[in-house]
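Both of the next two complexes hold chain A, though its partner changes from chain B to chain C.
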Partner chain A sequence: MTDASGTSDTAVGGPVGRGGGAPEPKRAPRWRKQLLRSPIAVAGFTIIGFFLLVVALAPFLAPYSPTSQSLRSTYIPPGVGVSFRGPEGQLGLWVQQATRSPIAGVVVADEAYPVRFFVRGERWTWLFGLVSSDVKLFGVDGPVRIYLLGTDEQGRDLLSRLIHGAWISLFIGLIAVLIGAGIGVPIGAISGFFGGTTDIIVQRVVDIMLAFPGILLAIVLVATFGTGLQNVMIAVGIAAIPVYARLVRGSVLSVRNREYVEAARALGRRSIPTLAKHVIPNVLAPIIVQSSLQMAIAILFAAGLGFLGLGARPPQPEWGLMLARGREYLAVAPHVATFPGLAIVLVVLGFNLVGDALRDALDPRLSK
Partner chain B sequence: MFQYALRRVLISIPTVFGVILIVFLMVRLAPGDPAMRLAGEFAPPETIERIRERFGLNRPMHEQFGIFVVNLAQGDLGRSTRTNRPVMQDLRQFFPNTIELALGAITVSLLIGIPAGIVAAMRQNTWADLVIMMGSLIGVSMPVFWFGLLAILYFSVQLGWFPVAGRGTFSHLVLPAVTLGVSSMAIVARMTRSSMLEVLSQDYIRTARAKGLMDKSVVLKHAFRNALVPVVTIIGLQFGQLMAGAVLTERVFTWPGIGRLLVDSIDARDYPVVQGAVLLIAVSFIVINIVVDVVYAVIDPRIRYD
Partner chain C sequence: MFHRSIRTALALVMALTLTWSLAQTITIAQGTDAVSLDPHDVTDSPSATVVSHMYETLFDLTPEGDIVPYLATGADLSSDGLTWTVTLREDVVFHDGTPMTAEVVKGSMDRFLDPDNAFTFRFLLSRVTSIDVVDDYTLTFTLSDQFAPFLAHLTHNTTAIVLPAAVEEFGEAFNENPVGTGPFSFVSWDRGSRIDLERFDGYWGEQPGISDLVFLAVPENTTRMALVESGEADVAVRVPPQDIARLNANPNITVENVSSLRTIYIYFNHTMEPFTDRRVRQAVNYAVNKDEIAEFIFGGAVRPSDAAIAPGIFGYTSVGPYEYDPERARALLAEAGFPDGFSTTLYSPSGRYLQDIQTTEAIQSQLAEVGINAEIETLEWSSYLDFTNRPPADNTVPMAMLGWGTVTGDADYGLYALFHTDQHVPAGSNRSFYSNALVDQLLDDARSTADDSLREQLYADVLQLLHTDAAWLFLHSETQLVAVRDGIEGLVIHPTERVLALTASKN
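The block that comes next holds the complex of A and B.
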């Protein structure tokens, strides 16, 4: 009995990687160490950390606002007008005005202006009005604009739009995972723990949801309830519910007859508290792993919906939507479609790497 | 075996009904007048009235569902509000193209994914393994539509090897099939690798090696055949995923398939066609899953879900 309660107590403290049931109070540090030593994990966390930083500092990092346009400078290729030497051979970043003329194509003006760090630029407010400033990480000291990654069809700076769009992808992923786990985990746990009719009904509903493969369920929901960012978050979140429900049900089935659960029951604990205190903490490992992988899937789905024109609406700098616009000018300005895609790949890769590493560290039996 | 297959089919019937219910509710739950949705935004009042009458939209919900199911059983999904063609006719025209694309994609993913997985397993923890596994991780992290656009950019626009869009000849199929197959390829490679690694550590492989058999024959004859079992399941499941992925791929390559029909219809608020396309994709996915389960039971007699 003491053994059993000991298991669940440590499980609440370090609730991971405990499918085996044997009491191993020193397990938590071990998985953490393994995680930090894994190059896959370090790469994944670095990528995610980078994007979180970009989200947090977006208006400071981005030279311009995502909607500020210059119709004289449409489809400027990346880096045009930017050079590492000034007019008199000085080192540093220098910018010459790049404009597009209907006849001559891209024209670069003669005058060069230096790029300076921590300059004053457009005024911005961030984090729901908490922060307000006009300081930018870098900007040109002169009457020209810098386009490190080029411009789109309205002459908007692509780098600025990418930076400002980062939060959209991460936020959709986060909300979708919260919805999916928040609803799917309890449903799956109850289904697996109680069994019987509840289980049969829940699993039939899950079957029906899983009959819509991949992005299709999200498409169905958006087609029904309307497009837009908010509905995309909800749709992608709902699409994740059956995945969690199935996963948690299976894990709960495997622990529900363990001694410590029986012990809790024998002690007269009610079902729901037993489920919450002794069962769910012991199935957290696969949930955590799935959440990282699900973030990746949610971001891909959201970008897919944006690409199909069912998600964010112009002029929102959502990466999938930017890609869709870029598709129309692929031959003229391939960079407009290339960079948003790269951003998506990178952030999705980050979550997939972390998911893989977590799986290896938390539950070696799950790793394939 | 027949009994198992039959039971598998029977179990799926409630799921199919659930799918039909969801498709039915798509039009009714959405904000606005369902008759207007089915008739199209600019339909004259008499058309809306006719639709209301035909689908029983002024009757109670359960009766409406009954009418919907009866119509469906007769192959009647209504008419497109854009073209006024019967929805069934549209589906019949576009669906084979999606199957063609999905078959192409699955072929690509097997032709590359399986050998890559075997090589990675044989050379476990070498640079070849690392490259293949990294490649497959990038493969699953990539939006298919982005890969498709890059493929068009380099192979169609710059090199001119393949047509930019459309369907017709074999060369039209190459880029869409590769694009759609990339993520499946990555998953097949990972699955083959882990399945091979598991089989290679089994006793009978050691026995085969101890008998002095060539490495190649051990791998191909003894290991691969047994490693194939879980891979078959993945292939089946991937086929369903490919049908969903086709929605994006078909948009990129303007491939005249069911996915493009679906998205175009959503754009045009052509709800009868949206319903038909969604229903068709979901039901084919259910059918594929049944087939996979039965095939699985045939190739691995240990598995019968009693």
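The block that comes next holds the complex of A and C.
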């Protein structure tokens, strides 16, 4: 992963402006076609699309609230009490109450209740109050709860927590990338475009920031600002600034003496408008690639901070935090740590695949 | 000739067996490394556990709660109740061969009491004004005021006898060069990892059945359990409740369950709205299902509190729990002017006590059911202590979880420090700023009388008042869950949260 972010600036830094002239509208269809042909890209986009869908529909998909606990049903293994045949052999999903007794272990009650789709449950509002409903994708028709992925150590439904936790990871990633790119790109562009003393000062500061491994920088920042989701986003975002600054500087250096930039200068355009109108659009490709990879890094960092107890606060269903708590139960209930771990792996994989595919598609040297 | 060689061989075998059985090592895996090996400076149980094998106190608290002579042979109180005469054993030597005399004990006590040294537990003996040597093995302690828990406080491991000459010799490094009178002497300390002790052959009491004792610091629960499962450690402390059944299923391991003198509670800040209202505090107590937490978060391994101190402590009386009653909680909240509940912050340690954050989360969820919206704040342990240790004006903590081990086995230590008005933080340990003139009076009286039955009555009254006032959200008294491999005999899991291998042996 670090590897990917490190190589991307050489792989895609220079070639975008190759061929000279103004930005070329003809190239777009070609890379788009190539992207759609690439199985890697399709896999990546499918994964990301899946998670976006989960975020968008979270309260509809999740059978329960992420914080509703049942101490009588702690760390029930996945699927216990769920069967595909009813008491009289009828088909469908049926659920029997699973509880944990300190002495007897998991106990499954006799009565089975059917699972129904599009049932009414607790009322929810989502997407900043835009959507409000009480319809759930599925629910049990009876006084029992269904635990498809089992429960955690507080008896909370793991599936509901994973679903409700998806937005946290994606949102942290998005905000962190926006912060990193929003600050890193202008800094890098100015540094590369003007050169001289500005360049030296900016690049030495970037050197200092790059000297810390990203996660360490994020830990130091969170320790300084205090824990909590908001600070995690800021810290992970700041940790991404030097990466962008270095990357954009390199790309800007490679285009700043091109004919179209000189033409703009000759026409009397001032520096900042030239930079904004002619230089930055021509270095967008590496920024896009880096942002996709940076999403993966940010999600991983955020989960790492949550794991260390520096990120989300309990009982927030943040995946890193869930993983850390589940670890205590690894010997008796491996599912509590496994599912959040898988979710992190999957979403990070999705962004990495997309990033790789984008890089391949946008790099003309690799096109057939 | 043949006969003789058989005899020689037999003798050799016996000698070998004997040496083998004598050269036994017991390894104890603790959750954290010792912080200090200077007994006067010890404030945590892992350090106390290690130090108790090398240093000894004048009196000892048995696991059953009796105070018995240890380095002392007895003590007499003068008729005015202000002078204790303590006689010492005459056969005690330190690990470097120096005999223990009254002069040495005085030197050790003077060091402990010197205000310049500012030892945390100095308050245990703060009523001692002077210590005088009568003869080689007799000395007197003069008190400023009558002080009933005196002997109980002399059992506290921080009052252990050190060798003043060694303190002088090592200076700052005394902490890393222990010289005591205990059955084990110091070998080495690899900070953060392990401490090695060996049997002290000149020990005055019963010789340990093992030659070496090792303490490992293993913070990760799963790793610590794996060590005892694999046999790399013989004893592992703080078994997570969810692992009890699994470890007990192992034919070589038994999980011991010994009650502790530590009480876990969530205190209210009595200077902060809305916890100034007794009805609100009672409502919180009714809203939390302590029995369910004890059964399902701890697998039944803790005891829900029915008083501010745990059973087994002198002065304990059951004053009844607050039964789980969410209806009553809602009614009390409405009466107090919060029909829709309120929002607050609940501070919690994470990983300091058994299942601490799990308990806090369960409580948060139960409070939400009666309308109290408590946001959980977890801090790293030292900043946690700092945050909760501020004077009322700077204190922003409305509710926080803490534990207090009454390791002297006497209610004075558990109640005076936590509830007396003089003990408000940062001067004392009363972090809740609880203040009740009647409680103060009763606590003062109980300190200054020597009549045990009167003291018991006074403490019973204090406990009843604390209960009625709902001074805390009462939770549970902790249990020590210790995994022990078969073949370890004579290990003592002391209610003061020390694992003692003083007379242990290994087969």
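Throughout what follows, the second predicted complex is superposed on the first by the 338 of 368 C-alpha atoms of A that agree within 3 Å, B and C clash if a C-alpha of one lies under 4 Å from a C-alpha of the other, contacts with A are read in each partner's own complex, and residues count from 1 in each chain.
The working rule: a contact is a pair of C-beta atoms (placed from the backbone, for glycine too) under 8 Å apart; a residue touches a chain by one contact, two chains touch by 3 or more.
Note that the coordinates shown come from a computational prediction; the quantities given were computed from them, not determined experimentally.
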item: First, second, both or neither for A:Q69, with chain B first and chain C second; value: second
item: Which superposed partner A:L330 touches (first chain B, second chain C, both, neither); value: both
item: Between chain B and chain C, more extensive residue contact with chain A; value: B
item: First (chain B), second (chain C), both or neither touched by A:G49; value: neither
item: Partner chain in contact with A:G250 - chain B first, chain C second, else both or neither; value: neither
item: Touched partner set for A:P273, first chain B, second chain C, both or neither; value: neither
item: Contacts of A:G309 with chain B and chain C, given as first, second, both or neither; value: both
item: First, second, both or neither for A:R100, with chain B first and chain C second; value: second
item: Residues of chain A that lie at the interface with chain B and also at the interface with chain C; value: 309, 327, 330-331
item: Touch list for chain A against partner chain B, complex; value: 204-205, 207-208, 211-216, 219-220, 222-226, 296, 300, 303-304, 307-310, 320, 323, 326-327, 330-331, 334, 337-338, 340-341, 344-345, 348-349, 352-353, 356, 368
item: Of all residues in chain C, those that touch chain A in their complex; value: 221-222, 225, 240, 242-243, 245-246, 289, 292-293, 295-297, 299-300, 350, 357-358, 360-362, 364-365, 368, 375-378
item: List of chain A residues in touch with chain C within their complex; value: 67-69, 71-72, 74-75, 100, 102-103, 105, 153-155, 227, 309, 313-315, 325, 327-333
item: Touch list for chain B against partner chain A, complex; value: 14-16, 18-19, 21-23, 25-26, 29-31, 137-138, 140-146, 149-150, 152-153, 157, 190-191, 194, 240-241, 243-245, 247-248, 251-252, 262-263, 266-267, 274, 278, 281-283, 285-286
